[in-house]
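Every chain is named by a letter (A, B and C) in the order it is written, and numbering of its residues begins at 1.
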Amino acid sequence: MAGETASDADIEAIRKLYGFDRPILVQYLDWLQRAIAGDLGKSYYFRTDVSSLIGERLPTTMMLGVSAITFAIVFSVPLGVAAAIRPNSIIDRVALFLSVMGQALPSFWFALMLIILLSVNLRLLPTSGSDTWLHFVMPTVVLGYYAAPAIMRLTRTGMLEVLSTDYIRTARAKGLRPSVVLFKHALRNAIIPVVSLAAVQFGFMLGGSIVVETIFALHGAGFLAWESITRNDLPTVQGLILVFSLFYIVLTFLADLLNAWLDPRIRIS
Amino acid sequence: MPITDEVKLDDESKLGSLTKKIRGHQGMIIGSVIVFAVIAIALLAPLLAPHDPYEQDLMKRLLPPFWDSRGSWEHIFGTDHLGRDYLSRLIYGARISLLIGIGAALISGLIGTIMGVMAGYFGGRVDMVVTFLITVRLSMPVVLVALAVVAIVGGSLQVVITVLGLLLWDRFAVVMRSSTLQIRSMDYVAAAQAVGCSVSRVLMTEVMPNVVNNLIVITTIEIAHAIILEAALSFLGLGVQPPLPSWGLMVSEGKDMMLFEPWLITIPGVALFLLVLAINLMGDGVRDITAPENRN
Amino acid sequence: MSDRVLDVKNLSIDIPLAEGMLHAVDGIDIHVDKGETLCIVGESGCGKSLTSLAVMDLLPKKAIRRLERLDLAGASILDYSEQQMSDIRGSKMGMIFQEPMTSLNPAFTIGNQMVETLQRHRNMNRVAARDLAKRMLEKVGITAADQRLNQYPHQLSGGLRQRVMIAMTLLCEPELIIADEPTTALDVTIQAQILLLLQELQSEFDMGLILITHDLGVVARIATRVAVMYAGQIVEQGTVKQIFDNPMHPYTRGLMRCIPVPGKTKPGEPLGSIPGMVPSLVGKFTGCRFAERCDHVTDACRQSDIELRAESGETQSYRCIIDAKEMAKVA
């Protein structure tokens, strides 16, 4: 949706954004002026620059987000393809079943259940901290699973549509091997909207990271958000809202760009 | 039925698509049953709950549910850390979830519909402003903003409903806007063709059902969305406040003891999961049933 | 008979539907020799496209194909596995479809799509394949072939795309090409060019060509032999001269009256039409399928199934129990 409007409107959007949240406009404009220059003020709690504070914590969240979206894609795309090849088969029903289940599962509860299961009962994974990659396994799954159903469904629908097109018929008539028809010809077209969706979902993961990082005590930006809110550390909270919003906007643009770039019909015109 | 060269058969025979519809119906039936059951439970809470959900009995703290050897039938789902009956809290918790879901959806539905219709109807600058606001809303990290606002204003049931209502209107706005634009374009076509009566007939038979169908689907989505968000907010301590039996809050209160008393988090979690699942199934069912028929 | 490129005997195609079994194609025989163009004519829904898909074994999964014989260049491909079929599709036999606008993958360049065929069937390296592709594009009359190879399908016009399709199908020099209404979606002027191109290429490569169409004008222009299909059966077949000069089956004769044929129709003469509709082919059907619409129908026509028959020694055959000469007297 964001892509439908003009891009300069989006820069305005950030400005207006804070006009809605706070009544004291002047204070805001002042803060904003400094924010755009890179100065986000000083944290009430930590007594350091908000910008360096966020800068310190952001990489952890980024790592988490990247691994989460990768997990979601690696899990959902093959499942969606398999479901599309054999509609109404067992794999199709399993895929749809999982997708329905996944959308209803509250993330914080899922996190706790995983902790009980994997850390306590089976002693496989650590429960908190961020020292080794093992610490990231459960958070990745908990953050990523929520994006999986949408990606799976879009892949499945896209593949179903593509597989019935004329050009796939041509590919088969040319005697190309089934794997080539599927992965080179079909997937390449079906995947275009999925890539956009993944970019947008990646943006949502920032919001999701608040809950996940807090439960698993990962010191990322999400955890910082929760800490700052509960401590009424206003400058940090404002800074985080700004940064998160920027991310959303950039990722939505990226999604549109990817969409256009991957489809030669749009790219070359 | 004449054969056609255009027999583009997908790999479902008609039989396959029919069973699919029945399966979809199945999901919808299950979902509807659960939803109505939860509504009934919420409405009849005072009659159904064996105990007062707020009544504490520190002598009876952390009793396990009836299926455990130490459990009893007096407290079917056991008690929490303050000795309050879990089943009763669960039942009253249904009220909270439903209130939040429906309340937030109503508010956001109202806001979104008004904005969308105005944008579609007036066009021009009004449309620009609304689209703008939608963009702004879409760039906001909802969880973060909701948390921040609740932190400032203070958590309570009303605050949560209001905040969520003020944040979840975007999809309503988008859909109502495009539907209104669709109707408007029909107006112009009608004017050009000077066929007054049939336009309203087309409106009623084609456009309105489509709009209503979309509205229902989005409403179910946003209700489920609101319920999950409230649960997450309450879990983080910035939603509904104790001693209210919000399911999210119950999970939060139970998490410190979850290793030895896992039922404290499994029971409310399952309840949340089932309710959201049921709502989603209903919404999916409505979409599946009405969409292909619209195409015919 | 070593000249016979395609030999199909007793092809039937059934499609299971909710309301019953659809007998889309019922026991047809077709054959094509080298250098020959067989035109399969019929209206929409008569089963001609399904026939071509059946030959390539590209029918939808639910369709049931039955054949007594399916020989390609003398070798039986009736029991070929999917693997074997995919080896000969695109190399020994090729197919050109009706919609050039949608028959090419929009995500890949023309060059990419042509080269992959050669890589698949001839194991060529990219450079050699691209070179061959370029020459083939030139052969079908596309200028600036080098640039075209780097372009995407959406950058080409419909006529150009169809030429590309033809070039792509010819890359491996197949014995047989099936063209399913290749010119229907094109402008009339382009149509003529494409047909001419097909003719030239066919004689150059000495291929068998099956051209499916509903347009008798196309048939007149390009066919060596003609098979007229109606409701899943072949109702008449013969050389193009026989069919046009002396149509025997009432349906064929009806078709001839419907369209102006250069040299036959007098100016100002009203065009005919065939009243009625194609019968439903779900479930068992006995008797002549054209009976409802035929001027010469008798009770005997509906009693039992009718075979194709030919006068002894003639190459023209038709599916009717009434003698053609008798009908000609009345008509």
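We take it that contacts are C-beta pairs under 8 Å (C-beta built on N, C-alpha and C of every residue); 3 or more make two chains touch, one makes a residue touch a chain.
Just so you know, these numbers come straight off a predicted model, no measurement behind them.
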Quiz item: Where is the C-beta contact count highest, in terms of which two chains?
Solution: A-B
Practice problem: Find me the chain with the mean Cα position closest to the mean of all the protein Cα atoms on display. | Solution: A
Self-check item: Distance from chain B to chain A - Cα centre to Cα centre, in angstrom
Solution: 22
Quiz item: Rounded to the nearest whole Å, what is the centre-to-centre distance of chain A and chain C, using the mean of the C-alpha atoms as each centre?
Solution: 51
Self-check item: Distance from chain C to chain B - Cα centre to Cα centre, in angstrom
Solution: 55
Quiz item: What residues in chain B touch two or more of the other chains?
Solution: 8, 10-11
Quiz item: On chain A, where are the residues touching two or more other chains?
Solution: none
Quiz item: In the complex formed with chain A, which residues of chain B make contact?
Solution: 8, 10-12, 16, 19-20, 27, 131-132, 134-136, 138-145, 147-149, 151, 170, 174, 224, 228, 231-232, 235-238, 248, 251, 255, 258-259, 262, 265-266, 269, 272-274, 276-277, 280-281, 284
Exercise. Could you pull out which chain C residues touch chain A in their complex?
Key: 56, 58, 82, 85-91, 94-95, 97, 99, 102-108, 116-117, 120-121, 152, 154-155, 165, 168
Self-check item: Residue ranges of chain A touching chain B (in the complex, touch as defined)
Solution: 1-2, 4-5, 9-10, 12-14, 16-17, 20-21, 87-88, 100-101, 103-109, 112-113, 116, 120, 160, 164, 206-208, 210-211, 214, 225-226, 229-230, 232, 237, 240-241, 244-245, 248-249, 252
Self-check item: Residues of chain A that touch chain C when the two form their complex
Solution: 165-167, 169-178, 180, 184-185, 188-189, 262-265, 268
